[in-house]
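Structures are listed in the sections that come next.
Common to both upcoming complexes is chain A, partnered first by chain B, then by chain C.
Up next is the complex of A and B:
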């Protein structure tokens, strides 16, 4: 078991913590946009980071069969999550702002930039 | 209580594997008539229960044909449906650019799931389902019309689906020519090609199933993406 194994394990623990904080934020934060921040902490920190952790852990585990396949699959999945999640939350926030479904937050930079409001 | 006794009786013989499971494990990779597939699930699905899987595929195709029938349109109505009424509202450049990258990645990953089906968990159906996510994402981020302008319309999807179905049928029937049984794998199909394990007929089944399932789902998604206003216009529904 090499250093990679331990780094991977630490990343997985960080992921679990991020998931916990994301869930807490989702429950406690006041409005939609701030809650979206908590949700993305849960996705990037709680899904992408542990997936990279699994990749490192698999690379470091010498006793594991097919460890390169496991590492590769985890890495690709992590990259896809890393790309897709910001785009998805961006689309959600944009749609919510455009439809004016959410109670207006105090600071609205997008409306300022566009000059509507 | 009875259940506990029975299950203890089954699992109490020391190995933890039932005789049937042992038979499958030994014969899917080590046996004289095996396809040398280390992935036992694929081996069981196509080699031992091939007819069953073939019928499952048939059920899927009946479902697709059913939805195509429900949404059937005449030639003129097809043309009407393909014409974008107004410029469709599109998502932001961020979403569109990310979709471009992810669609390519999904194509690669789904092909890998399907074509490694005889070596690793996965297979044609799973790979095809993953493949169908790519056109779905394009429909969501761009529009149905973008997909059709770039050459993937319902007819093309149906042709691809038919090629897949034909491939599965041919792979199942080829052993008959050499006096074998339907869907027989060894020794009609080679287990190795150029020193690479291809699992006999498994890779052909997986590839054609991949094509058929992916294209079938795409055809249904294209149908479901037709805007409601179009249907109301075609059917003459008054507001």
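Up next is the complex of A and C:
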């Protein structure tokens, strides 16, 4: 069972690094539409991947007392993050374009297709 | 070297990386120029606190932290949807 422990540990380390890089990108990128890329790295790579990693690690850990409860709940939370984050980010990007909040997007294909400016 | 001491050695490397990422997200959430930047940073922060609470549930050997993580992930989605609804139609309703 300790193979599951090591796979989960590797997934947690990958998730922590993706989280750090997503945070750096969210701080450094120039405008909102570019920052959404860093937010995707920070949410999917930095929250969904370590949640699946915690599920595998808790299944393989012999020292935990409630390991099946922790594994199942963190797997469900990972699926929730994987479904809810793209829907929320898409709604937020649509709202930012509709309310014209971002100052100067250099390329705006959506406004050209719709015919408004 | 037992499995438990290997886990605590892993946590010595993982927990400072997560805390540094929380600080960077909080900086963007405080200085974001528009409201969608603030909402996006708070969204990232809540999903990452959810993942960090699942890690802390293994660290402290407690089941109850994971149910809080589930509620926190659902709350981040709800915040996105309500702010987007308010920005599109200038009202929050059904």
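Criterion: the second predicted complex is superposed on the first by the 113 of 117 C-alpha atoms of A that agree within 3 Å, B and C clash if a C-alpha of one lies under 4 Å from a C-alpha of the other, contacts with A are read in each partner's own complex, and residues count from 1 in each chain.
Everything that follows uses one rule, which is that a contact is a pair of C-beta atoms (placed from the backbone, for glycine too) under 8 Å apart; a residue touches a chain by one contact, two chains touch by 3 or more.
The structure presented is a predicted model; accordingly, all values stated were derived computationally and were not measured.
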| request: Using the touch definition from the top, say if A:111 reaches chain B (first), chain C (second), both or neither. | output: neither
| task | For A:74, select first, second, both or neither according to whether it touches chain B, chain C, the two together, or no partner. | result | second
| field | Contact breadth on chain A, by residue count: chain C or chain B | value | C
| message | I'd like to know which partner A:34 touches here: chain B for first, chain C for second, both or neither. | response | neither
| task | Would you check which partner chain A:91 touches, where first means chain B only, second means chain C only, and both and neither mean what they say? | result | both
| task | Would you sort A:7 into first (chain B), second (chain C), both or neither based on which partner it touches? | result | neither
| Between chain B (first) and chain C (second), which, if any, makes contact with A:64: first, second, both or neither? | second
| field | Residues of chain A contacting chain B in one complex and chain C in the other | value | 66, 69, 76, 80, 84, 87, 91, 94
| query | How about chain B: which of its residues touch chain A in the complex? | reply | 91-92, 94-95, 98-99, 101-102, 105-106, 109, 120
| request: Would you tell me which residues of chain A are touching chain B in their complex? | output: 66, 69, 76, 79-80, 83-84, 86-87, 90-91, 94
| said: So in the complex, the part of chain C that touches chain A is made up of which residues? | reply: 2-4, 6-7, 10, 13-14, 17-18, 20-22, 24-25, 27-28, 34-37, 39-41, 43-44, 47-48, 50-51, 54-55, 57-58, 61, 63, 66-67, 69-70, 73-74, 76-77, 79-81, 83-85, 87-88
| query | What does chain A use to touch chain C in their complex? | reply | 2, 5, 9, 12-13, 15-17, 19-20, 22-24, 26-27, 32, 35-36, 39, 42-43, 46-48, 50-51, 54, 57-58, 60-66, 69-70, 73-74, 76-77, 80-81, 84-85, 87-89, 91-92, 94-96, 98-99, 101-102
